[in-house]
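The structure under discussion appears below in the form of structure tokens.
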Amino acid sequence: MDINVPQQLVNALWLGGLYSLFALGYALIFSVLGLLNLSHSAVFACGAFVGLYTACGDEVFTTTCTELDRPIWIVIPAAMIGAGIVSVAVDRVAFWPLRKRNAPRMNQLISSIGAAALLVNLLQIQFGAAQQRFPFGSIPNDPVSGLPVVITPIQITALVIALGLMFALRILVKRTRLGREMRTVAFNERVASLLGVNVDRTYMTAFFIAGALAGAAGMMYGLAFNSMTPFMGESVSLKGLTVIVLGGLGSIEGAVIGGFLIAAIEVFSVALGRSDIRDAFVFLLLFVILVVRPRGLLGQGVEDRA
Amino acid sequence: MKTLIRTIVVLTFALVAVVPFQVQAQDGGGMGAWDGCPVPENLPEEVTIGAVFGLSGNIAAYGEPQKRGVELAVAEINEAGYLGEGTTLIAVFEDGGSDGEASIAAMDKLIAENELAAVIGPTLSAQAFAADPIAAENGVVVLGVSNTAAGLTTMNEDEELDQFIFRNSLPEANVIPNTITKSTEILGLERVGVIYGNDDDFTLSGYDAFADALEASEVEVVRTETFARGDVDFSPQLTNIINDDPDAIVVSALIAEAVPVVLQARQLGYTGPIIGGNGFNSPALFAQGGEAAEGVIVGAAWNIGSPSELSVTFTETFTEAYGAAPDQFAAQAYTGAWLVATAIRCADSADSADVREALAAIVDYPTPLGSFSFDETRNPVHEPVVQIVQEGMFKLLTEETAAQAFGE
Amino acid sequence: MLELHHVSREFGGLAALCQVKMVVPQGKVVGLIGPNGAGKTTLLNCISGLDSPTSGEIIFDGTPIHSRSPHRITALGVSRTYQNIRLFKEMTTLENVIVGQHIHGRSTLLHSMFVWPYHWREESRLKKDALALLERFNIGSVAHVHAGTLSYGDQRRLEMARALATRPRLVLLDEPTAGMNAVETHQLGEQILRMHADGITVVVVEHDMALIGQVCDEVYVLNFGEMIANGAPQAVKQDPKVIEAYLGHED
Amino acid sequence: MTTLLQIKELQVSYGAIIALRGISFEVHLGQVVSLIGANGAGKSTTINTLSGLIKPRSGQVNFEDQDITGWRADRVTRRGLVQVPEGRQVIAPLTVRENLEMGAYLRRDKAEIEQDIQAVFDRFPRLKERHHQKAGSLSGGEQQMLALGRALVARPKLVMLDEPSMGLAPLLVNEVFAIIRSIKEEGKTILLVEQNARKALEIADYAYVLERGQIRHHGPADELRQNEAIIKAYLG
């Protein structure tokens, strides 16, 4: 059996872009809160539906989208803003009250699971449980002609936007005042507030950015597969966790590398090996990496995070 | 050409509209034509049958058409005086919900409150496994009209109990071989790629049936790929399969995965036939698959495009009565009610034990599903259909439709 | 009692300890001083097993311990406190000490399940001992308060009480007086002398020269990972190398 | 003399435990005022309440004649009261330079911030050498220098130092006090909490002695240094 290497590379590349983009928000919140925000996958789904609603209007509440009210390109900024707002709301409702009372991390983790369930149910009530999609022909998903491999404009867009957002986030965290502020809050809220940082506002900002990234990822997912359900976050949720554990919890670059790596392993374990042992392969590798490097590929030392 | 078809359809509808249900009342027309047994003489004024269908929640998408199918059949039976002058068939419906507990409760209630000749339902196989033994223990015959799981009619340790459990819905294991044989014959398949979900009972047993049927038809499987429930990206597997240039791609999947598999195969440039299992029998295939679904081939117990006279009549009457076309669930439920009525007629008794005997004896009974018999384990015997998606709807797979779809 | 031979510890090519030699005789109080970052805490970590030397030997009571795990070293009778206080902040003061005692309780899980009269007696005995320890360090009044709410100095005292709860033969104290004023420091010095009187050997890392003068029989001076001096406190204080690197000239 | 900071009848409690029992004191412009006392006397509680990290139960804090009682910590800092917390709390994962930039978090005058950072580097050449290193990799003394430098970059009106000499070698303790002295000579107002009462009284203009949440003695530092009771209780 021979394999189509260039095509599988393309498959791995753009899937990796999606994984990374999703994992970035996880990583950002982890680095600021030191906490896994398990509602991230629900925010991801919210983003996709905000985008769908923006483009299609009230129609999506009762039936499926048959006609676009607004141009398709508007869905991505709409999804980012919408998911950002949802994410901030999650912080205010699920995390902020616990943070104020110094609740243990575990309680916040459970709270985030609750928030995820709530969001998914709200989506289900509002949009129904069935798959939603954009009208046929409204998404540029016919393969680009003249290339030796099959790749669609939407896949290229997804990859470009994913890489662009990753780069922007890296600059933001490493080079800007906001980035220093977030890293300071992550290290020690008390010290940050003594330096004049409004810690609550920092949290809100971080949650907005993480939400916007989730929204972008959700919308890309929705567009690329042209299918959105309230449960669409579930399958990527575990992938995202795997990605950040592999890359190193809370590391931005780690999330990016982890995303592309997991996608590449998945694709090539199918291409070269057997598709029925794909997940076993991914988790075996994860296990090996964690045994050799417990903090993940690019994880920070414990002393840095204390 | 198109206008001609439309005219014929409109005319037929108009005719049916003028004489609703009376078509069946006429001697020698419709389902009443079967005269394997004489008109009964000893039946009481009212004969009651029960029906347990999922009528609330998302399962109602199946339960509602089932209820309509039974209602339509009962109306026709009474109009036709099928159980003799002065005898009325009454159907009592109970909501069986979407899980086993709810259908047990519904079954208990039906049996406690009524003197039943038979029960039709429940909707899901899992519900049938839960509720059917209750009917059997009470000596009430139960006929499943949508249960496709293996072993349903032989589930009890006590074979006496099994004798009361029937179904008229073809298990997938019966549909798939027919699908493969017909497709191979019409499309001339030699080598195929297979992809299936390997973590779900339904898709696994579907895969096994496909693999056996392909081997029996001497079709070479050039590559087999798997996926897991909840996967959304199938491109790596499909890239592999398409790279091997197969004559067809065989898919065993539930609808949630079936649609993206079809979409992504088309996106990767594959234009050939895609053969699916029962999971593809869903309106979502058209709603979400759109153009990509064209050329998908699926086996089924019944198809709206079936040319048999009984099937055409049923489709027209049903559409007339409810303003929507029937689906496979409605057709099987409709047939089920007629089967039960026929057994009552032949037994000339409303006692469920007598009805059971008569039901088991039904052979070559003409129905919309085709010529129908029960085998010795009370499973259905009738010829399934093979459908192909064309212009956004299921049509029967024939040399012509195949040529239109794949241009040969 | 404790001997260090040519102990070196490198972190990625950077030597935190270089060929350190040190001898702690039985029953003595030995001070370890040096600038911040000289390697004092690394040395304590190597002795208590939290870290292990890249090369060299650490002998406790004739047993090499440089490659043993911390709990086994504790079991041999070595106990310590930390520069950055490490208490169970959610537990009460008393519970912190009882946890420390556990290594000495004879009550096992099986005991606690089946031989409960024995277990109860054991528990109440441990509790009594623990309370006595707290009294000794003047923190008996806060026995039932969460350790996290204690003042800094009281947390330091609790750490020492907990270290003694394991009935050690050697105690390592890492900056025990940080955050205490001169009078409190002097009181703590008396506690150290009491340990000394009880026959416990003590190694104390400290910046407060008054305390060093008060309690130590001998002082070692560490600078950039190397031992630059050792001897009696008065002699070390006069050593020009020590004044240069550590003490500075009084202004 | 202008009163910069005025505290009236400040009470603080942690649940049932009363930490401050109504203390009042003043800090005048340009003064170094020291709070001394035993562990648990309430010194750190006082400073943290002034910083807005702890909400007082009652009492009032006036800064430049404005009531700032109960303000959130970041607002207090914005107002010009900057605390250097105990235990050299530098931001370990950030570089030395980034720590200083965080000190100037509330300022927008880029050019002048850069000048101030350079001034810190001139004052602490060791920090300049290590400006690109993670603050967590600095030695204890360097971290304390960085914490001080970070506070200076904020251009505070009042610097509150919590135990600046804690855990430092004698040589470094001298150095830290030399720096505090130089900050004082530049005319900054300083509120100093320190265990090393001897050193604190050497540098302070005025001092308050806390005991169990109350002010027991106060007076010019020179006088307190001669006070028998104080010598016995705190100077050893």
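By written order: A, B, C and D. Residues from 1 in each chain.
Keep in mind that, in the parts below, contacts are C-beta pairs under 8 Å (C-beta built on N, C-alpha and C of every residue); 3 or more make two chains touch, one makes a residue touch a chain.
Bear in mind the structure is a predicted one, so any value in this text is a computation, not a measurement.
Novice: Starting at chain B, how many touching-chain steps does it take at least to reach chain C?
Specialist: Contact-graph shortest path, chain B to chain C, evaluates to 3.
Novice: By mean C-alpha position, what chain is farthest away from chain D?
Specialist: Result for the farthest chain: B.
Novice: Any idea which chain sits dead centre by C-alpha averages?
Specialist: It is chain A that sits nearest the middle.
Novice: I'd like to verify one number: the distance from the centre of chain A to the centre of chain B, where each centre is the average of its C-alpha atoms, in whole angstrom.
Specialist: About 42 Å, centre to centre.
Novice: Suppose each chain is reduced to the average of its Cα coordinates; what separation in Å results between chain C and chain D?
Specialist: Once rounded, the distance between the two centres reads 30 Å.
Novice: Quick check: how many Å separate the C-alpha centres of chain B and chain D?
Specialist: Inter-chain centre distance comes to 82 Å.
Novice: Could you give the separation in Å between the centres of chain A and chain C, each centre being the mean of its C-alpha atoms?
Specialist: For chain A versus chain C, the centre distance works out to 48 Å.
Novice: Chain C: which residues touch two or more other chains?
Specialist: If we look for residues of chain C contacting two or more partner chains, we find none.
Novice: What topology does the chain contact graph adopt: line, ring, star, complete, or other?
Specialist: Line.
Novice: Spell out all pairs of chains that touch, sorted by label.
Specialist: All touching pairs, sorted by chain label, are A-B, A-D, C-D.
Novice: Touching residues of chain A toward chain B in the complex: what are they?
Specialist: The touching residues are 1-4, 7-8, 11-12, 15, 64, 129-131, 133, 136, 141, 143, 150, 152, 221, 225-227, 232, 234-235, 266-268, 270-271, 274-276, 279.
Novice: So in the complex, which bits of chain B are touching chain A?
Specialist: Contacts found on chain B: 58, 198, 223, 225-228, 230-233, 235-237, 239-240, 243-244, 256, 259-260, 263-264, 267-269, 284, 287-288, 290-291.
Novice: Considering the complex alone, what residue numbers of chain A touch chain D?
Specialist: 177, 180-181, 183-184, 186-188, 190-191, 193-199, 300, 303-306
Novice: Quick check: in the complex, which residue numbers of chain C touch chain D?
Specialist: Its residues touching chain D are 33-37, 83, 149, 151-154, 175, 178-186, 207, 209-210, 245-248, 251.
Novice: Applying the document's contact rule, which stretches of chain D touch chain A when the two form their complex?
Specialist: So the residues of chain D in touch with chain A come to 51-53, 72-74, 77-78, 82-83, 85, 89, 91-94, 98, 101-103, 105-106, 134, 136, 150, 154.
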